[in-house]
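Could you have a look at this structure, given as structure tokens, before my questions?
For clarity, chains are labelled A, B and C in written order, and residue numbers in each chain start from 1.
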Amino acid sequence: MITPQTMLVSLKEVGSTVLYLLAAAALIEVILYLVLVKWLKYKYAFAFMLMAPAIVGLFFLIIYPLLWELRLSFTNMSLRAFRDPDFIGLTNYIKVFTEPVLKQKYFFPLLGQTVVWTVINIFFHVTGGLALAMLLNRNMKGRGIYRTILILPWAIPQVIAVLAWRGEFNYTYGYFNVLLQAIGLQPIQWMTNPTANFAAMCITNIWLGIPFMMVTLLGGLQSINSEYYEAAEMDGASGWQKFKSITYPLLQPVLTPAVLLGTFWTFNNFNVPFFINQNELESSDILVTGLFRAAFQYNRYGFAAAFAFVIFALLLIFTIFYMRYTKTLKGDAQS
Amino acid sequence: MSSTTLQSTKPKRKRSFFRSGKGDSPFKRLVIHILLIIACVGSLYPILRIFAISLRPGDRLLSTDLSLIPPDATFESYRIILLEKPFLTWIWNSLMITVATALLGVVLAASAAYAFSRWKFPGRGAGLIFLMATQMIPASMLMIPLYILAIRLNLVGTYRGLVLAYCVTSIPFSTWILKGYYDTIPIDLEEAARIDGATQLQTFLKIMIPLSTPALAITFLFNFTSAWNEYMLARIILGSKEELMTWPLGLQRLQGQFQTQWGQFSAASIIVTVPVVLLFLYSSKYLLSGLTLGGVKG
Amino acid sequence: MKKSYLFLAIALIATLVLGACAQPGTPQEPADEGIVINLWTKEGETDGGLQYVQALADAYTAQNPNVTFVVVNKDVETLREDFQTASLADAPPELLWTVSDHLGPFTAADLIQPVDSLVDLGAYVPSAVDAVKDPSGATWGVPISNGNHLMYLYNKDLQPVPPANTDELIAMGADLIDAGITPLVVNQTEPFFFVPWLGGFETEVFAADGVTPTLDTPEMVAALQFVHDIKFNDGLMPLESDGDVADTMFKEGQAAAIINGDWSLGTYKELFGDSLGVAPIPEVVGGTWPAPYTSGVFFMIPKDLSGPTLDAVVDFMVFATNLENQVEMVEKLTRLPALAAALDDPIITADPILAGSAEQMTYGTPMPTVLEMRCVWDALKPEMQAVFNDTKSATDAAAAAQAAAVACIANQ
């Protein structure tokens, strides 16, 4: 049950926290104001004052831990070398590529699995989301209801959804196998068969990821001026031609960031592969679950830190290439 | 015609949001409805299964019974979780924290995004790349140093650390969305206001903020959802204090090493989904315009 | 104008600095007198364990008002991770209530202190104390309960008499299958549920030195082959089952017997009453009695704890394991006690379930707690699962497990 006292405790805690943070922010602003405006008369003073609290926060929450992890990646910290680890330079980074990062899996096969995972998911997210968005992009009855129901997978806390799906893949009691047996087919061993398990992971994540794409793309579709379509119809263009020449190019400003974000989120998705892979099959691991295991299950702290930076660098390189590639496309389309 | 021309004529042109669909044949409309219904069933079914588990007596997670309402359905799990466990306390705590951090997050991100959008200050490009880069960081990388930092700063077992952590983790994504939205708002109005004598702060508060309410609403929604469902940081920072637990921590308690109280777990799962769904419904009109008129220009 | 801004700024800074300093350390500490003991326990709510720990803590505080407890439940893996991280930040909890195999990682990282000089270990059951001794003879935990072992639990309505050996297991199984009942369910995903058979085939995971893995022996291959055969050739077990599935099938009466641990006794007793039977896992024909791992639940103390807090902690440990509380624990949690004197209490000798549990324990063997054991578990898991899925032969699985264990230990 809940009592007014407990409610008050939380309220006070949160309230005092907010006040404390606002005071700290005000302090930062005052200092900056004095320094940048009154003393230096800096041109961009106001911009920096706007960003200051965010920068301070990000420093503590992201930059400091990153630096700490960087230092850790150069040591051999593990359970045996816990309090006073030794400095071993780049050894961990070399080990990431030359030794198994899981119990038996090496880095590059694991990377391969991650890439396959990401590509399959993004493909279905985009096609599914686009298909649903195009279906919904019209004045029809019940549009609001459809949209609401189709958004639900996004609204549910991910861990709960994943656990629910894991139940559905249960050999004896899960929905899929019960259906398969009802129509006379063999049930699938979702948890022990590597291919089936990977498929299970993909199915779950596709279910989770389509709503975001659908909503994003729907908005993108709606920002396309319908005059284009009317002009194309008058010219006698087919559905496919309309899609290719109008919808797809004009969707790019929305599609590109959505795909980019989706790629990061899928690549780094922890919940789905970790929880669906109940039997800890190494064929179902991706890079970030491998990282988690290295750090927390096998306690190879130094190694895990190096591993993390390698993953981060991979994504960074991918992003740079992807942005160059799509910018080139945009330039061509506009010329 | 380039897309930038489209946007800058926005205030004058009357935009019809939806294709009229008048030309669609009844058959086509029927097919569309059928497809959508199938999609909805796929979307809804796992959720209904959780609901079914919550109605089953005796913590039976697994059963070959596929019915959505089990024959011996009971609200016992709901009763236990609402009345006997401190579930409502967890929900209340989560609500307090989530609302506070979502609001603070919006404030922080709105300010930072405005700076990125309107000024080309030194370090802007690097800053943007940094914001995107934060989305690439695997979360488990930060857990241990954050824990140590929290202990050293005396933030463990308090809400201070958690609220700070939630606000800040929401900043990169929110800033990105808001900046994109601000980019589509022409600068003429602000320049007019400056000429009329408004300070930079006044311009921001009186012109920009009202114009960007859709994006602000979206940002609030995203922040709310991520803070509401967040488990790892809460575990690191709140760990021990009973009366401060949020619902993810509480739900974790219902899971034993070899046995889980599935009935209560599922009942709790259904209940915690409700606020987020309501928020989604309420802000659904913003969802479309806010998310996409931003796009990415930068 | 400038001066007033400056003044304002200094005033703000001063207030905030003073405010921060004036805050009490962590909000958990009360004023000067009074000791706060942060007790992290692996006991959850499901089987009543957490409530029991809290009751113990409250009872102690009632007698010693200046000592208060903050009881926190963490599941076993989380407890280990968080304790390691907290120790790294020099802020570990004052007391742990956890499983014996945590001693491996905690002693390797030098996070806990030995208890030989703190309590009288002679009062406890020797097998319990042995479970937390390291090769040098130092004892690293104070026993609370003994057991944590697997047994053969059966539904008397479906199987009135338990099989005494593996031949009977198969024969009785055939009859049960004809009647449409699954003879045996077990968690097929965790190697913990497989190791008892190793004892039946007279082999162990480590050599005599306790740290070198011996997973590639003919006996191991025989054990793996055995479980494969009773599943696929005799059809005694379902094709896929984890802990939840096995538990559900047994509870719903679809399975006649389950191999499960003493933590489940309470729930099954409530559900089945007198129909619950407890017996040792059937003897291997041509071998001997299977030897499930016994361990237990123990108190552990962080390394740098000293002074009055240490004294309070020691006093609480002795209180929690005194005769009265141990008997009560048997009653409430259906676990075997660690205090030797409590074993003679009629509550154990008269209860058939507990008597059965105690009998199984006589065949048990202490679970190795060395750090290398982690590698053995991690190596065995995928290989055992491969054998259960018929994707690897027993010979290949054993060889692969040995290789993986050796590689893992080299990396520790």
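Convention: a residue touches a chain if its C-beta (ideal position, glycine included) is under 8 Å from a C-beta of that chain, and two chains touch if they have at least 3 such contacts.
Quantities reported herein were computed from a predicted structural model and do not represent experimental measurements.
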>> Just to be sure I understand: the centre of a chain is the mean of its C-alpha atoms, right? Then which chain's centre is nearest the mean of all of them?
In response: A
> Compared with chain A, which chain's mean CA position is the farthest off?
Replying inline: C
>> Distance between chain A and chain B based on Cα centroids, please, to the nearest Å.
In response: 13
> Between chain B and chain C, what's the gap in Å when you average each chain's C-alpha atoms?
Replying inline: 39
> Using CA atom averages as chain centres, what separation in Å is found between chain A and chain C?
Replying inline: 35
>> At least two partner chains per residue is the criterion; list those residues in chain B.
In response: 61-63, 144, 148, 158
> Among the residues of chain C, which ones contact at least 2 other chains?
Replying inline: 88, 245, 248
> For chain A, what residues touch not just one other chain but two or more?
Replying inline: 170, 172-173, 296
>> Taking the touch rule as given, give the residues of chain C at its contact with chain A in the complex, in rising order.
In response: 2, 5-6, 8-9, 12-13, 16, 77, 81, 84, 87-88, 105, 108-111, 189, 238-242, 245, 248-249, 371, 374, 378-379, 381-382, 385, 388-389, 404, 407-408, 411-412
>> Quick check: in the complex, which residue numbers of chain A touch chain B?
In response: 1-2, 6-7, 9-11, 13-14, 17-18, 20-21, 44, 46-48, 50-51, 53-55, 57-58, 60-62, 64-66, 68-69, 132, 135-140, 142, 144, 146-161, 164-165, 167-168, 170, 172-173, 175, 178, 207, 211, 215-216, 218-220, 222-223, 225-226, 229, 250, 253-254, 256-257, 260-261, 264-265, 268, 270, 287-288, 291-292, 295-296, 301, 305, 308, 311-312, 315-316, 319, 334
>> For a test of understanding, state which residues of chain B touch chain C in their complex under the given definition.
In response: 60-63, 143-144, 147-148, 151-152, 154, 156-158, 235, 239-242, 252-261
> Of all residues in chain C, which touch chain B in the complex?
Replying inline: 23, 25-28, 38, 42, 44-47, 70, 72-73, 75-76, 78, 82, 85-86, 88-91, 243-245, 247-248, 251-252, 261, 263-264, 267
>> Which residues of chain B touch chain A once you look at their complex with the stated criterion?
In response: 2-3, 6, 13, 15-21, 24, 29, 32-33, 35-36, 39-40, 42-47, 49-50, 53, 61-64, 66, 82-84, 86, 88-89, 92-93, 96-97, 100, 104, 108-109, 111-112, 114-116, 118-119, 121-122, 127, 132-142, 144-146, 148-149, 158-160, 163-165, 167-169, 171-172, 175-176, 180, 200-201, 204, 225, 228-229, 231, 243-244, 248, 269, 272-273, 276-277, 280-281, 284, 287-293, 295-297
